[in-house]
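Each of the next two complexes has chain A plus one more chain, namely chain B in the first and chain C in the second.
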Partner chain A sequence: MKLNIDGLLVYFPYDYIYPEQYSYMLELKRTLDAKGHGVLEMPSGTGKTISLLSLIVAYQRTYPLEVTKLIYCSRTVPEIEKVIEELRKLMEFYTKETGEKNNFLALALSSRKNLCIHPEILHANIVVYSYHYLLDPKIADLVSKELAKKSVVVFDEAHNIDNVCIDSMSVNITRRTLDRCQTNVETLQNTIQRIKETDAAKLREEYRRLVEGLKEANVARETDIYLSNPVLPDEILQEAVPGSIRTAEHFVGFLKRFLEYLKARLRIHHVVQESSPQFLKDIYEKVCIDRKPLRFCAERLRSLLRTLEIADIADFSAVTLISNFATLVSTYSKGFTIIIEPFEDKTPTIVNPVLHFSCMDPSIAIKPVFERFQSVIITSGTLSPLDIYPRILDFRPVTMASFTMTLARTCLCPLIVGRGNDQVAMSSKFETREDFAVIRNYGNLLLEMSAIVPDGIVAFFTSYVYMENIVASWYEQGILENIQRNKLIFIETQDAAETSMALEKYQEACENGRGAILLSVARGKVSEGIDFVHHFGRAVIMFGVPYVYTQSRILKARLEYLRDQFQIRENDFLTFDAMRHAAQCVGRAIRGKTDYGLMIFADKRYARADKRGKLPRWIQEHITDGSLNLTIDETVQLSKHFLRQMAQPFRREDQLGLSLLTLEQLQSEEMLQKISQIAQQV
Partner chain B sequence: MDDQGCPRCKTTKYRNPSLKLMVNVCGHTLCENCVEMLFVRGSGNCVQCDTPLRKSNFRLQLFEDPAIDKEVEIRKKVLKIYNKRDFDFPSLREYNDYLEQVEEIVYNLTNNVDVESTKQMMEHYQRENRDIIQRNKAKLTREQEELEELLLLEQQDSQQRRLETLQEEKRQLQAKRKSKQALLDELENSQLPASILLAQHKDRAAQLETQIEKQKQSVKPATIFSTGILKGQTVSLAPVAHIEEVLYKYQPLHIETFGPPVPGLEQLDRIGCRGDFSAVSRETLTPIIQEVITWYLNHVRTATPQDLAGGYTSGLACHRALQDAFSGLFPSLI
Partner chain C sequence: MDEEPERAKRWEGGYERTWEVLKEDESGSLRATVEDILFQAKRKRVFESHGQVRLGMMRHLYVVIDSSRTMEDQDLKPNRLTSTLKLMEYFVEEYFDQNPISQVILFFIGKVLIEHHVSNPKKHIAAMKKAVNSMCVGEPSLYNALNIAMQTLKHMPGHTSREILVIFSSLTTCDPANIYDLIKTLKALKIRVSVIGLSAEVRVCTVLTRETGGNYNVILDESHFKELLMYHVKPPPASSSSECSLIRMGFPQHIIASLSDQDAKPSFSMSHLESSDGGPGLTLGGYYCPQCRAKYTELPVECKVCGLTLVSAPHLARSFHHLFPLDAFQEHPLEEHKGDRCAYTIKVFTCPACSSVFCTDCDLFIHDTLHCCPSCIHRQGTS
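Right after this comes the complex of A and B.
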């Protein structure tokens, strides 16, 4: 259908539209008009992708000078494929409606197998690739340098974007890395020796270039330098490589010294936590290495590898990692911390020294994106509370809105179970984890649910260790046997192959027979990527509140930093993180308006206002006061009633006019009024 | 590093993990015991390369590769002499060339290439640039001290902030508890109906919430001292350069009027409508003449004692009026 959104003609490739899609497109258009950034939360399974694409493509066609490119960033390859599918449909619709062949070019960069050729990016109107190509400073300058300023960047499924930013700027160095680096450096030295004997001209040429301060032709671009080094002023970026690492031999000697220093640092017996300036001071005292040559380390190494014409760069990954670490530690003085541990917390007896160079401030990696592109949209199904993202990513959005689902029948039923039938409070709190009664109550809950819910149930635990403990206890108590009389049980492990096999068999079991239960973990592979549509997920049970491991030193350093810089309390942040994972897990079950599912939060802490308030709006509005702090019996009653209702036939015609609209219905006055209430500005 | 053996008594290193390895200027390692034994016999030559050594030159080995230890030692010595910094050079290119030169020297000394000539060059340089070396040394120690001070300040700051936030949170909790307790007490003792008390309590709770919210927002990380200097800015402790300027001399304004000059303040009671009698003494002026002549001053109201106390004299007003009148007479046409 052809829509009129605030004066803009938008081609929408389907005959029916959801009111929230229209509302979403309206907000999006306003954000683009304002040429600013936006944070939009829209529930999963409501056609977010096609709304985004159709509006932005229409905007591009109408104002080709305002928006020259659309950059769509997604997390995984399957998601990229889905986007391309929708885009194809949209393009076919355009050709059908306008009758002319459109000249839009869309490019997808997915993996090393599908490498693109750079010049094509210049002409493409739409580029689809993964977050890392834009956020990771090591890759950003290679891939994203030709992108113009007047582009719109969309980060889809961006609820974890702060973790992506942090990971892209963090480095972990183990003893093994250093040993491999040693071999790399020796290889470099031998190669240099050999080249000096055979073809010394190449090295001399490189030396001359470094002396003149000439940069490689494709390195000295303002755009990509900006992306890879966001906080350096331009004069420093244009500087020549310092004289102490000009010749190849001196540079190799420099690397050796740095390597030996790192090895010495790893030979400690207690934990050390330092900031970047302290680390640099120590380096200078021990091996007389200054800050400036460290900063140019990565660039110098790249130049050397190119001059020596080393074909297989992957062999040199260890020394590249070390040089990246050197550049990062010398460039940023704030926002990073160095933690050296002689062994991992979980295995105190195994000697495994590791140096964690972790970024505590996600805004460092994403700042260049916000400053360079005129409109950046961050969207996902679970972004609550919305105001935290602008604070931790340090940007000012012109729009922050949360959308609900308009439903003809209430297809989600969130319930908070806080007590067992014996009135013992259920919780995954650390103190009550070993409590026999709590484990038995959890088992009872699963048992009762397995008896009344048809087809598949997915259960999420807070950690692998916790899951294993509980399942072992259930086995001893005989609960597992009772559950297996109702449904088959599959379990997710840390091994990828086992998990995919378990998933496959789970799906097979749901297809025929009484269905199955899948036990998995809240931060695992299943919760991040797999959708449980229709009969694959009729109920999702969240056992406990999925807090991250709070004793990790890196986490503590990060919380401290957040408190000092952004005045975000530690408790607030931990709760926010836990609740976004919980919301992601329960959101797996609903993918579309004809789908229905139970969402059971099995922990008494969910009833508290500070946790409930951090759930996304589209879940919160269905939590009534009567569904807080239920016992298992009450839960079973409510679920039975809900499931029976949902099992009644529900056709598309029932939805028309309420949650599904045709073009005529869309344009009626009252509908437009209702639509304006869907979006809630924050 | 623990699998390295002492080149002399090889076995001892494995058996005795607490044994330390020492490195000397030739770059070869020896364990502590062997060092003792070597100097007991009085001979001071390295086992592997036979260079003459002194016992004091042995240092504890920090790095796995003894060559690196040797290089670091040499580098530290060289940098003590070659300690010019980037502001000593007119251009970046020259500074980089200087750095490269330093690297060459270290490289030569470490790999025993041209040792003699390099040492001579170093001594020559040292003699020539003695004062620059001294000055830079002083500057370096000062900068290091400043840096340490800053780091210490930062640490203290963050600790204080942490304490403050903890105390703040405690206070908020206490306030909440107090208000709840107050509600219960009121319900017990007061005569008002329960609904009014509840409404009051809700009001108070809401007020508390807004207070807390406001406090949260108003806390800003203190980055500036009250004088406007940024925290973390290195303030140079060198004395401010004394700038000598020309002293200002007051030149009174002179306006050319092409006419008779304005009478001065002191002469107002001597100059009158018939002429200037300032040169004549008072006694010679007969009373009759005095009557006929009206001094300028007579045209102005005499100052009362209160005016005089404030510093006002009638002469001021008269002078001003005369100046006004004269300035309009012969304007200079510029």
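Right after this comes the complex of A and C.
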């Protein structure tokens, strides 16, 4: 159908449209008009992707000078493939409707096997790839630096974007890294030696270039061709590479010295935490390495690798990592912390020293993106509370909106279970988590649910350790045996192969009617990437509130930073983080309007307003006073009723006019009135 | 209190949120909603007219009743099993009333499998109740049940319908083999499988019914359960590929011998010879097979001696109305027809042929029991 979105003609490749899609496109259009950034939350399964694509492509066609390119970032390869599939539909629709052959070029960067290096790809209208191509400074420099300023950048499934940013800027160095680095440096030295004998002119040429400074890069940045790289700060570009590392041999010597220093730092017996300036002072005192050459380290190494014409960069990942670390640590005096731990917390007897160079400020990595591109859209099914993202990513959005799901039938049923039948409060909080009564009540809840929920149940625990304890305890109490009469039990482990095997068998058991329960962990692989559509997840049970492990030193440092820099209280951030993971977990079960599922929050703390208020609006609006602080019995009754209701025949006609609209229905005055209430501005 | 089982006490049952259905109107009164609920309940019929389609008049129906652990659940009163058996009793009666030339086999799946070939509904259900009552344990196997039903049904002649109706209470099935292979076989054999779920929607049942062309429904409460069961009383449309064949049938006359007649000799009914439950063995009159003169006291029956199907003419006539159902009456608001003969409630109904006016209760009675409009017949008589 052809839609009129606020004066813009949008081709929409389906005959029906959800009201929230229309509303979403309106907000999106407003953001593009204002040439600003936007934060939009819309539940999964309501057609976010196609709404985004239709509107932005239409915008590009109508105002070709305003928006030249769409950069669509998603998390995983299957998600990228989904986007391409929708895009293909859209393009077919365009060809059919307009009759002309479209000259749109779309490009997906998914894996090396699909790689194309034809120069024409630079002019693609749409680029779809993974977050890392834009955020990770190591890759962004290779792939994304030539993207035009007048692009629209979309981050889909962006609820974890701050963690992606932090990960892309953080460096962990172990003894193994250093050993491999040592080998790298030796290889470099040998290669230099060889080249010196055969082709000394090449090295001289490089030297000359370095004296000139990185002028070229500077010219490029000033004329605004390249995306700035956070690893390559502006100041560097104005200066020449310092003399101490200008010749290849000197640089290798420099690297060796740096390496030895790091090795010495790893030989410790107690935890050390220090800031970047402290580290720099120490390195100057110990091995006389100045701040300046360190800052040029990454660029110098790149230049050297180019000069030596080393084809396989992957072999040199260790030395690249070290040199990136050197540049980062000398460039940013704020926003980073260095923690050296002699052993892991879990195994205090085994010596395994690690140097964490940890980024605490996600805005550092994403800053160039916000500064460069005229519109950046952050969107996901769970972004609540919306206002926290602009704060931690340090940007000013022009639109922030949360959309609800219009439903012809209430297909989600969030229930907060706070007590067992014996009235003992259920909670995973630290003081009571080992309590026998709590564990037994959790077991009873799962047992009762296994008897009334058909096919698949997914249960999430707060951590692997907690899951192991509880399952062991259930086994002793005979609860597991009872559950197994109703359903088979599968467990997610930290081993990826084992987990995918368990998943496969879980789905088989759901398929053939035996029924199954998957016990998994919030923040694990299952909670993020795997969808449990229809019978694969008729109920999700969230045992406890998935707070992050708060004793970690890196987290403590980050919390302190957030408090000092952004005035976000520790508790607020921790709750926000826990609730977004809880929302992600329970959101696994509902993947569309024809799907249905129970969402059971098994912890009395969820009933509190500060927790409940941080759930996405589309879940929150279905939590009534009658679904708070329930006992197991009450939960069972409500669930039974819900499942029977949902099992009644549900056809497309039932949705039409309510949650699914034809063009005529969309244009009615009354409907437009209703649609305006779907979006909630923040 | 003694005759009641200990666990069936009212306060031990589930929470029933009956008040949630009620909604106040603008003036705060509940009357409108109550009337509406009553009306809806009466009006709710599963009358989807098939139009002109062939119906399978001779049916072979296999009713599989889950008797696993979950049948002891008390969400139907007093428990699922008792409630189901009570409804089955009604169902079998209705079934034979409307499909006199059909067969039904009741079959229980649980730890023990019980099979019953029903010819005389009342007696069998009583016996079954006794047998089943004590054995609600373990998990059911859908595969085994379907397999056994299939073994029997696949030998039925091609012109009859082959149907399985599963009353499935459990949410799990412990199968010895891949059920999807069995579904393929069932599909190939043109066996229609319908499922009535007592708890929730199970994926495998959805696939099973979709593949074999049956219906899948999940009950909301007891009255909905009854309604769903009654839907299966009506014969399903026959598949276009089913065979057509001529069937020999006998129409024996009922010969009544009076006690005063000296020549009359009491004799055994053939159907009583095999049944072990005794009963009145020797009777005077009866139905005599026109082919071999074997005597039966009840119709319809298949002659034990020569295999002829024995029916009476009214039996065939009763199956007839499925082929030409009475058109649904048109609904009108009450205001237009004040002061007619029936006790109208909210809506009135008019016959499309003679435009006579009926109330909700009459409408139901005409469609469910009479199968013809009395007003139309009255006119035919007078003209």
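Operating definition for what follows: the second predicted complex is superposed on the first by the 656 of 682 C-alpha atoms of A that agree within 3 Å, B and C clash if a C-alpha of one lies under 4 Å from a C-alpha of the other, contacts with A are read in each partner's own complex, and residues count from 1 in each chain.
The rule is simple: a residue touches a chain if its C-beta (ideal position, glycine included) is under 8 Å from a C-beta of that chain, and two chains touch if they have at least 3 such contacts.
In this text the structure is predicted, and so the values were computed from the model without any measurement.
Superposition note: with chain A as the common reference, chain B and chain C can be accommodated side by side.
In the superposed pair of complexes, A:Val453 makes contact with chain C only, with no contact to chain B.
Contact with chain B, but none with chain C, is seen for A:Thr247 once the two complexes are overlaid on the shared chain. If you stand at the C-alpha centre of chain A, chain B and chain C are 150 degrees apart, rounded to the nearest 10. Contact with chain B, but none with chain C, is seen for A:Arg257 once the two complexes are overlaid on the shared chain. By the touch criterion defined above, A:Pro78 lies against neither chain B nor chain C after alignment on the C-alpha atoms of chain A. Of the two partner chains, chain B is the only one touched by A:Arg267; chain C is not.
Touch criterion met: A:Arg563 reaches chain B, while chain C stays clear of it. Of the two partner chains placed around the shared chain by superposition, neither chain B nor chain C is touched by A:Gly478. Applying the stated contact rule after C-alpha superposition, one finds that A:Lys281 touches chain B and leaves chain C untouched.
The least CA distance from chain B to chain C in the superposed model is 26 Å. Across the complex, chain C meets chain A through its residues 14-15, 17, 69-70, 75, 139, 142, 171-175, 178-180, 197, 199-205, 217-220.
Here chain B touches chain A in the complex through residues 1, 62-65, 68, 71-72, 75-76, 79, 92-93, 95-103, 107, 147, 151, 158, 161-162, 165, 169, 216, 219, 221, going by the rule given at the top. Listed in rising order, the residues of chain A touching chain B in the complex are 211, 213, 239-244, 246-247, 249-250, 253, 256-257, 260-261, 263-264, 267, 277-278, 281, 286-288, 560, 563-565, 567, 569. Across the interface of their complex, chain C is touched by residues 451-455, 485-487, 510-515, 534-535, 538, 633-634, 637, 640-641, 643-649 of chain A.
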